[in-house]
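By letter and in written order, the chains are A, B, C, D, E, F and G; residue numbering begins at 1 in each of them.
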């Protein structure tokens, strides 16, 4: 089995949509433009997702990495 | 694809309005005058936003970076 | 546009009233006597503000910087 | 008694399913592809588990280590 | 205006009663016997204060500094 | 009185059952196989305990030390 | 006034009962066997205290220091 690290997975996701689950329950989705080792992320065409209403468009955003719980490069 | 980092996005936002989502659910919006690597921000003409009432004017403010969840340089 | 940093804004606020929003929702207001790089603050004539009752006088106080969310040098 | 450390247990779990309990009550399960010393994890075929409804498929995910409470290499 | 720092204010409070507001809403009051740069405090004749009942005597206590929100050297 | 430190107590508990109270109220119990200076723990035959229902078997687990509140080497 | 520091107070409490208030509202009491500079504590004959029911015996315990809010060497 070849080991796939977090950095490799993030690098492959540059230019693709990712789903980001944040502390406190928030979720955002957007096109990943950059990341760093703290998981600070820059997303474009981002929107905040809600369990029971329509997504809210946010445009380009910076996510501070210490809020990130899960990054999913293959959102469904 | 050219990579756009957080610092570049913040630099381009100097002098423009940004939306800042904070831990605990607070949101503020204001004209960004400065930032540093911890995401400490100085905003002018800032106001706090509420889900169900009018924004409250705060004037010039300093936001301590460790409270920041999301900075959106293109609030709608 | 000239960049105004947090330190400059805080320095200009020495001797003036500032509004300080704290984690957990508390708010205090007082005359700023000193600050440091962690946003530890010394306020005089301070009072705690409440959404639905009269302010409570606290006198001189020290605010530990890691609790600070927003400092507003121009409270209204 | 031979001592079995966390790193050894994680290494043996590469390529196997693990259950991960996160701060705030979330739980995810997935095939562990990599880990580091902060307990940052890469999981494939991951799904989020809920106490009272069906699991939600997440695909490949990165879990930021500071959210991890418990990793169980032998979920039942 | 002469600047009065946190350390000076704390030094002047040695041997006097201080009010200490803690994270999570707790409040204690006591005679300050010592402090350090993390705001670890030693209080004597301390008591915990409650919004709606009588104070509870605690005697001598050590307060771990990272819980401190506000120290008021002039409680009323 | 001879002083018994945390490390000595943990060392003596290797191979014995310990009770671990975690932040947020969770409790787990298991056979301690290893620990480090951050209180990261490896437990075998672990189970999660609940105030009002049967324990849930978890098998072998890794507990991330920063979640630990209390370790009791002599659970009753 | 002679200054009594936290370390001196803790040293004098070795072999005596202390009351420990923890983040999140938990309280434990026990015979202090050791402490370190992070306020990690080893207590013997420890019990957890509750506002409205009988204490629960825990035996010997290790308390991780970052959970400690207040240590009172003279519980009543």
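In this text, a contact is a pair of C-beta atoms (placed from the backbone, for glycine too) under 8 Å apart; a residue touches a chain by one contact, two chains touch by 3 or more.
In this text the structure is predicted, and so the values were computed from the model without any measurement.
Trainee: Applying the touch definition from the top, give me the chains sitting in contact with each of chain C and chain G.
Mentor: Touching chain C as well as chain G, we find E.
Trainee: Using Cα averages as centroids, what's the distance between chain A and chain B in whole Å?
Mentor: Spacing between the chain centres: roughly 19 Å.
Trainee: Averaging only over C-alpha atoms, locate the centres of chain A and chain G and give their separation in whole Å.
Mentor: 42
Trainee: Between chain E and chain F, tell me the centre distance in angstrom, where each centre is the average of that chain's C-alpha atoms.
Mentor: Spacing between the chain centres: roughly 34 Å.
Trainee: What whole-number Å value describes the gap between the mean CA coordinates of chain A and chain F?
Mentor: 34
Trainee: Quick check: what residues of chain G touch more than one other chain, meaning two or more?
Mentor: Those would be 23-24, 66.
Trainee: Which chains make up the ring, in order, starting at chain B and heading to chain C first?
Mentor: Traced from chain B through chain C, the chains around the ring are B, C, E, G, F, D, A.
Trainee: Within the complex, which stretch of chain B touches chain C?
Mentor: Listed in rising order, the residues are 14-15, 22-24, 26, 28, 33-34, 36, 40, 42, 44, 46, 57-64, 66-67.
Trainee: Given the complex with chain D, which residues does chain A contribute to the contact?
Mentor: 1, 3-6, 9-10, 19, 21, 23-25, 39, 65-66, 68-76
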